[in-house]
Amino acid sequence: MRIAVCVKQVPVSEQVKMDPVTHSLIRNNIEMGMNAADCNALTEAIRLKKQTGCSIDVFTMGGYEARSVLFTALAMGADEGYLVTDRQFAGGDTLGTAKVLAEALKHTEKYDLILCGCFSSDGATGQVGPMIAQLMEAASVTEVKKIPKVEEACLEVCKTWQGKLVHLELKLPAVITISLGCNTPILPTLRNQMKAKKRTLHEITNDALHMDSDAVGLSGAKSLVTETLWIEKTGKHSHMLTGTAEEIADQILDLVEEAKH
Amino acid sequence: MKKKKIGIIGGGISGAALGYHLSLYEDAEIVLFEKDRIGCGTTAKSAGTVCLFDDSLNNRYWDVRLYGFETYRKMEAEEKGSAGFDQTGTLVVATSEEVEKTIKTGIALAKAAGYSGEYITDKDKIREILPGINTDPILGAGYTKDDGYFDGTMISNTFVKKMKANGGTVYTGIEVTELIKEKGAVTGLKVSDGTSYEFDIVVDCTGPWSRFTGEMVGIDVPIWHTKAEAFFLAPPVKRENYVFPVIKYPAFYGLRAGENVFICKSHLSMDLDDPMHAGQWNPDLLPQTGGTDEYFIEFLFDQMDTYIPELADSGLSSSWLSYRAETRDFLPIIGETPLKNYLLATGYGGNGVIEAPAVSRDLAKYIMRGESTMLLEEWAFQRLLKK
Amino acid sequence: MPHGIYIYTEIQDSKPAPYTAELVSLAKKLQINDPIYLFGLEGTDIFYEQEAAVAIADYMKKNDPKIVIVPAIGTAKAVFSRAAVILDIGMTADCTELYVENGVFKQKKPAFGNEVMVVTEEKDFPALVTVVTGRYKGTEEYGIEDVTILKPEISEKSVQFLDASVQQTDEISDAEIILAVGRGVMEQQGYETAVQLAQKMGAAVGGTRPLVDQGVIPFEHQIGQTGCVVHPKCCIFAGVSGAIQHTEGVRDTNLTIAINHDPNAAIFSFADYGIVADVNDIMNQLIEKL
């Protein structure tokens, strides 16, 4: 079975600034890392690899600096890393990103299973995974929490819904998105990081994909950001409780009792 | 009674310790200004090790180290947790005869002060203390169970709490924006909300920010920033009832952080003229996490692979970068400057937690009574101006 | 000519989902005089993402809507993402505000957590937007007869629904009360106090990323974007600054209370109730009273 995992490099830090003109994040001086849900997705893929001996290719769309998440992926246990990069791809919306990734995946291999994180911490739309599935004309299940069974041509997956655990059988080829925090992500060891850094990454540019520039990147975006507004003070401010520590403790206990019902 | 008004800029370990020691004099009126939160800047990223036998501070100043250690032990005895003490024991590893000699000296000093210490050559025993260690490249190790690490942030908060209890004032979230001079002497300062304060003495306790603080008043504070890059590793093996000790090697040190291990490169191996190690940067631009250099991870891997291979197979959980305020001779700058009434208590170079209590005790006495000490004389700004 | 505001809903237990009235309210507030229609999927049909997307796309092609409003929930976003591809239109997710300005339909949504808001517009019709629900209750009640139910053609059976079992409780994800601990608690050695308090309250302890990095709490208890998403009935933030990565992990609660010594902490823009005090003092008082 051939598995592909799509990952994204995002800011890790809690302090971020946005450029009010380009509406994009100011990325200098922010620690970048692999999007958390993608870590969960890759960890799940590696678990499947241990079970079935399949191979894992990791794809990311981004600039040169995105290579570091591919090295991290290799250090975690992936087999090959693909950097999908071209100026024309930059600035795209979710559909633009999905189109590029889908094309890169199709260009590389016939994958049985494609895993994505359920959403990214710096966009949080959760759209790219299902969009890739649509573009590849494959079935999809989003927000998967567990993959209890793996067979040649199908999987059994679980997701939560309305407090219940739903079991679905999914025929391959398929795309699934993995729920944030559904497993403990593999931490790459120092040794594996050193080994990974010596590996060669594959690069896929638009020379290979021949995508129409009107369909991708900034020019292909169908939903436009027209303004950026800083929130100095959001409308919401907590209702402040006052009194002695004892009085406050009483108020808290009352509120909690009420909330339970 | 006429009180002496002292303004302290900076609420890290330096300012907090000084504030507390000044507050012990009833004729002192102290105001401390911290632009963020107490002990949450450089101090928060320090390891908090005050090792009994260790060469991060030359044994010439053994008394300073001992005073720091005992101050915090007493803090803990007064209120458990107020110094964040984790008594894990310390293992100092000898990788050469020279290091072995220093360790044995340290053990002698520690024992004289009433603490335990032994030099172990039995490699099995060393492996018991640190199971993941490679004992081939080492001669032996010094060990004490009486030692461990402290928490600089907790300590700063405790000092500030005590200072307030003695009548001192603290403003957090307030930045000093201007220093006021009159006839060649500092007479006060202005802060970010526009308020002005009059002081008889102003002390710069801003550590890596000291260059900027000094610039406000025309003093060139000769500190460099050395990079303190720390990594949190998740060991592959969990051991029941095992406590990871503070470990010291010439090039790095480590300690436990909950279930993980905190490892950092030691600062004495820093070359101030090497742009990879040191420079003059802006601490405000430091990211909260990350910011570490590739070559540091390579260095870390080499060291771990050689000395503690189990840690080379540990997951890299996270990292952070901090700046140590370092002077050319790796000793702090304490006391008077060419500008009257403007004093420094900075340049602790990563040893702030160890050195601040003794320095603050002496500096407070100097400020309030005009009496100097040998320590103040050796660590005076003067020595740097001569060179 | 694109016409009509179409609102998507899911039918559960033979009723349109609770957010339906809220979405209709939102649509009415736009004061676009187009008619409002309800359409949706029923029961387990929502899991057939591929087939449902086709059914939805067909419906939209047939009806040529001006605006399509969808709740920002996982199952809906999945099928509409696919439908957007079929129709080759854009989709703006997680909008918190819909409005019309100078005749143009606009949306406001947070970017990168809640630090910044951006205003978006769609290039094409229909303008497909997913909206965050649960912010206020709508007034009207809608019945299944008000909704055009779409039936996906699931003959291909690429996905097969097997069953839905009651979930085993997962300590923190299903906790009713969570005590979320942040750096502020660590700064004052309050972690043991917090654990004690949690035990007395019957609460699960969760924490922020720095606490996990430093090995104080296990990863399974990390709340937020790099950990789990929780929806307890009640969440108490002790010494948590309110960085978005953490608060993003707490959703759909009845009650949030924040205790922090810093009156300017961001958490006070997030929590329902706030207390500026020494965290340990309050925790100790609570322990005494329980």
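Order of writing sets the labels: A, B and C. Residues in every chain begin at 1.
We take it that a contact is a pair of C-beta atoms (placed from the backbone, for glycine too) under 8 Å apart; a residue touches a chain by one contact, two chains touch by 3 or more.
Keep in mind it's a predicted model, so treat the numbers as computed, not measured.
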{"item": "Closest chain to global C-alpha mean, per-chain Cα centroids", "value": "A"}
{"item": "Centroid-based (C-alpha) most distant chain relative to chain C", "value": "B"}
{"item": "Chain pair, A-C or B-C, that carries the greater number of C-beta contacts", "value": "A-C"}
{"item": "Rounded Å distance, chain A centre to chain B centre (Cα mean)", "value": "40"}
{"item": "Chain A-chain C separation of Cα centroids, rounded to whole Å", "value": "18"}
{"item": "Intercentroid distance (Cα basis), chain C paired with chain B, Å", "value": "44"}
{"item": "Chain A, residues touching no fewer than two other chains", "value": "12, 14"}
{"item": "Where chain B touches two or more other chains at once, by residue number", "value": "234, 289, 317"}
{"item": "Contacting residues of chain A [partner chain B, same complex]", "value": "12-15, 29-33, 186-191, 193-194"}
{"item": "Chain C contact footprint on chain B (complex, rising order)", "value": "37, 39-40, 80-82, 84, 151, 153-154, 157, 172-173, 232, 234, 256-260, 262, 289, 317-318"}
{"item": "In the complex with chain A, residue positions of chain B that touch it", "value": "233-234, 236, 285-291, 297-298, 300-301, 304-305, 311-317"}
{"item": "Interfacial residue positions of chain C with respect to chain B in the complex", "value": "186-189, 212-218, 262, 264"}
{"item": "Complex interface listing, chain A residues touching chain C", "value": "11-12, 14, 16, 18, 23, 25, 36, 39, 93-95, 98, 118, 121-122, 124-131, 133-135, 138-143, 156, 160-171, 174, 177, 180-181, 184-185, 221-231, 233-234, 236-241, 245-246, 248-250, 252-253, 255-256, 258-260"}
